[in-house]
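Order as written gives the chain letters A, B and C; numbering starts at 1 within each chain.
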Amino acid sequence: MLFLQAGINGILLGGIYTCVALGFSLVWGVMNVINIAHGTFVMLGAYVTYWAFSLLGLDPFLSVPLSMAVLFLIGYLTQWGLINRLVRAPIFMTLVLTFGLDMLIVNLALMAWKANYRSVNPRYASLSLSAGGLVVPYTRLAIFGVSLIISLLFYLFMTRTRTGRAIQATRMDLEAARLVGVRIGRIYGLTFGISTAMAGGAGALLAIVAPVSPIMGGAYLGKVFLICVLGGLGSTAGALVGGMVLGMFETGAAVVFGPGYQDAVSLVLLLLVLILRPSGLLGRAYY
Amino acid sequence: MTKSFGGLAALRELTFEIRSGEILGVIGPNGAGKTTLVNHISGLMKPEAGDLRFRGQSLLGLGPHRISRLGIARTFQTARPFTRLTVAENVLIGALFGRSGLTRSLEAARARLDETLRLLGLERLKSTRVLHLTMADRKRVELARALAMDPDLLLLDEVMAGLNPTEVGEAMELVRAINRGGMTILVVEHVMKAIMGLSSRIVVLHHGEKIADGRPEQVTRDPAVIQAYLGARYAVGRG
Amino acid sequence: MLQAGRNGGNAAPLRLGALFLGAAILALPWFATGYLVHFATLLFMFMVLAQSWNLIGGLAGYPSFGNVVFFGIGAYTTGLLMARGGVSFAPSLLAGALLGTAFAAGVGLPVLRLHGHYFAVATYATAEAMREIVNNLTGLTGGGMGLNLPLMAGSERAVGVYFYYLMLGVLVAALAVNAGILRTRLGYGLLAIREDEDAALVSGIDATRYKVIAFGLSAFLAALAGGIYAYWITYIDPGNAFDVSISVTMLVMVLLGGSGTLWGPPVGALVLMGLTEFLWSRFLEVHAALLGAVIILVVLFLPDGLLAMIGQGRRGLSPASLLQNLRRYSV
């Protein structure tokens, strides 16, 4: 029973993870940039929701589009100003850049908002669905639902709109896309913006169930990497499955080993997956 | 030997041999599997079935570095010298790690380096970083690196690509000179003039299979070969 | 033949300057304050770490984002042996260094098969996982409450001076190792691997073996630094021994000074630590944020590192050349 509850919690949590992972894998797949600061954008999204809630009384679910919009803008500008400069650089330079960015943003946030945990408590937070000994708060169900909607919208955007397809084309073959007239700089800006928007949306949802603080984004790098490696870059369904699998593993581990091991689980899993995957899937293609 | 890539068999049931001291040409339309073949021999890819023997010794299961040390050197289709290193450093690496490399001292390797630079006319450029060189020079550097390894078998993968006619002529002379020194060479090429002029024997690949094997004049008249390159229409009424 | 940074050459004034600098470094503890000695020791430690990172990241081209794991293993091994086992310093330190190296060899074999991003994140995950594990094994390691090491006998001043020379010694050894490698087969092999691993393989280089050797050496030096750190500071916890920003700091120092060179890492360490110190004393609150900004600026404007920039003379330092660097890797 405990495991079933944990399993359900895990799946519900997985929805948020999926949104975060979709954004991360988009930038990785299209721009070959691993954004170490991605978790920090999640944090920013959570803060937008928090401030909207405490200053304006805006219901957190309603601030999801707000967070997404704000983060889209932040992402677009960040890409235009910074990331753009290093897109063709060796990998470890972009890694250092995003690490520095992460450090900068987190510490600015710490300076501005202090390290205390904030929470968003809408009035309906305690309502839940009970069935057969299992308890599922409505908020969690709603969060899961919204994250699925966001993921679906993401998928539709990528596959059905012209811009989305331009992004996919850029991903598959940069030169060809350029030749066909795709404006790479703009595409990259949009890509990064969408990525941070996804992170922002996830952050907004996260704020409803988790405490908000400047350092909350830290654990996400390991998690999203695992989801991308498991689910495959560029696959929405893969991110969905990966997100839920991770969610379940984490809640399961918390039950078996204790809450302190939750983050360690994703790291160890990540290592195992990286090590055990047949090298043919990971190495560079020869020709 | 057979090797499949995600459903497409790149090489199938291919059997051929290369004899000591000859220059064997390998031609075929794009996608025929020529580079895949070179990758297999040099150890970057492994066959799913079959065997590769070099002087009676099986190459299966040996990593590329071990295969190199047995005396097989290769160049790449798009030349891959070490770009941020100098010409001398590139060739020195060949001298240090090739067949006799590990038993050589640094000075002996330097001597081999100088010899090879002279052979290829690269002394002038020895301290230049490869990234500042033209494509033709880069190919020479890569070739020098391969030669410094003292191989018995040299695999040249489209070494003429991108060269102008004069350069092709020079390259051909170079290949002949190397062969005269006793080196067995396998040349993968698209440039017909080079292949016809250099090879004592030609193997033609198509869709991963060998469709012809013989002297250059025979092979170019072979209807199967003509069909592979130009389509069935041109095969009728010839040879 | 290989780039060894801007070493002295044969110019007499440069030789004299280097000699003077060497003498000053050796004599420092006699005329400096305790604080300065401490700072210098920390600086040497980071130079060692940067040098160690250079072996795997700069020479072999494998960007490790988790080298702090070796530092932490060295620190905890030394710490546990001394605090719980009553073992004296020298054997504990050696044990820590050897354990770190063994760990590198063990983890290295699977992890070094990965490339680029995958390798970076795998090393990052290894370090983070180790931190969590050490944090959770409270019974053994003291967990989040940390581990206290026995204090060394002697006055605070004398102890400080001891560690100063010890760390300096390790630094000299690290420099010697780097310099030595650059002239040997191993050095050439690593550079080849960095440039083009497949081409290196077909040239006869046993890439796996060389990578593991580089990784192991890197681990040895980092673990040595960690073990000394533990006894020097006498308190370690998972937060400071396995701090991810140490991993990145090493990397940034090498990047700043010049990756793959001999003197790049120490120069980078000096500049970055000097900058940090300056920022800390003036802007306590914003220090970490400014450090993040500095990292961003370094990677944008100085992709080749300071040594390369200085090597180009006045031209290298001009705004025009900095702007050019900015555009170099743009879309």
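Quick note on the criterion: contacts are C-beta pairs under 8 Å (C-beta built on N, C-alpha and C of every residue); 3 or more make two chains touch, one makes a residue touch a chain.
Since we're looking at a predicted model, the values are computed, not measured.
Note: the chain lying farthest from chain A is B, by mean C-alpha position.
Each of B-C and A-C has its own count of C-beta contacts, and the greater count is at A-C. Comparing per-chain C-alpha centres with the mean over every protein C-alpha atom, the closest match is chain C. Computed from the mean C-alpha positions, the centre of chain A lies at a distance of 47 Å from the centre of chain B. Averaging C-alpha coordinates per chain places the centre of chain B 42 Å away from that of chain C. Put simply, the C-alpha centre of chain A and that of chain C have 32 angstrom between them. Contact of a single residue of chain A with at least two other chains is seen at positions 286.
In chain C, the positions touching at least two other chains are 198. Residue positions 44 of chain B each touch two or more of the other chains. Note for the complex: chain B touches chain C at residues 42-44, 63-65, 67-69, 73-74, 76, 80-86, 88-89, 92-94, 96-99, 101, 106, 145-146, 149.
Taken together, the chain C residues at the contact with chain B in this complex read 1-2, 183-185, 188-189, 191-192, 195-196, 198-208. By the touch criterion given at the top, residues 28, 32, 34, 82, 84-89, 91-93, 95-97, 99-108, 110-111, 184-185, 188, 221-222, 225, 229, 258, 260-261, 263-264, 267-268, 270-271, 274-275, 279, 282-284, 286 of chain A touch chain C in their complex.
Interface residues of chain C, counted against chain A in their complex, comprise 57, 63, 65, 110-111, 113-118, 120-122, 124-126, 128-129, 132-133, 135-136, 198, 245, 248, 251-252, 255, 285-286, 288-289, 291-296, 298-300, 303, 326-331.
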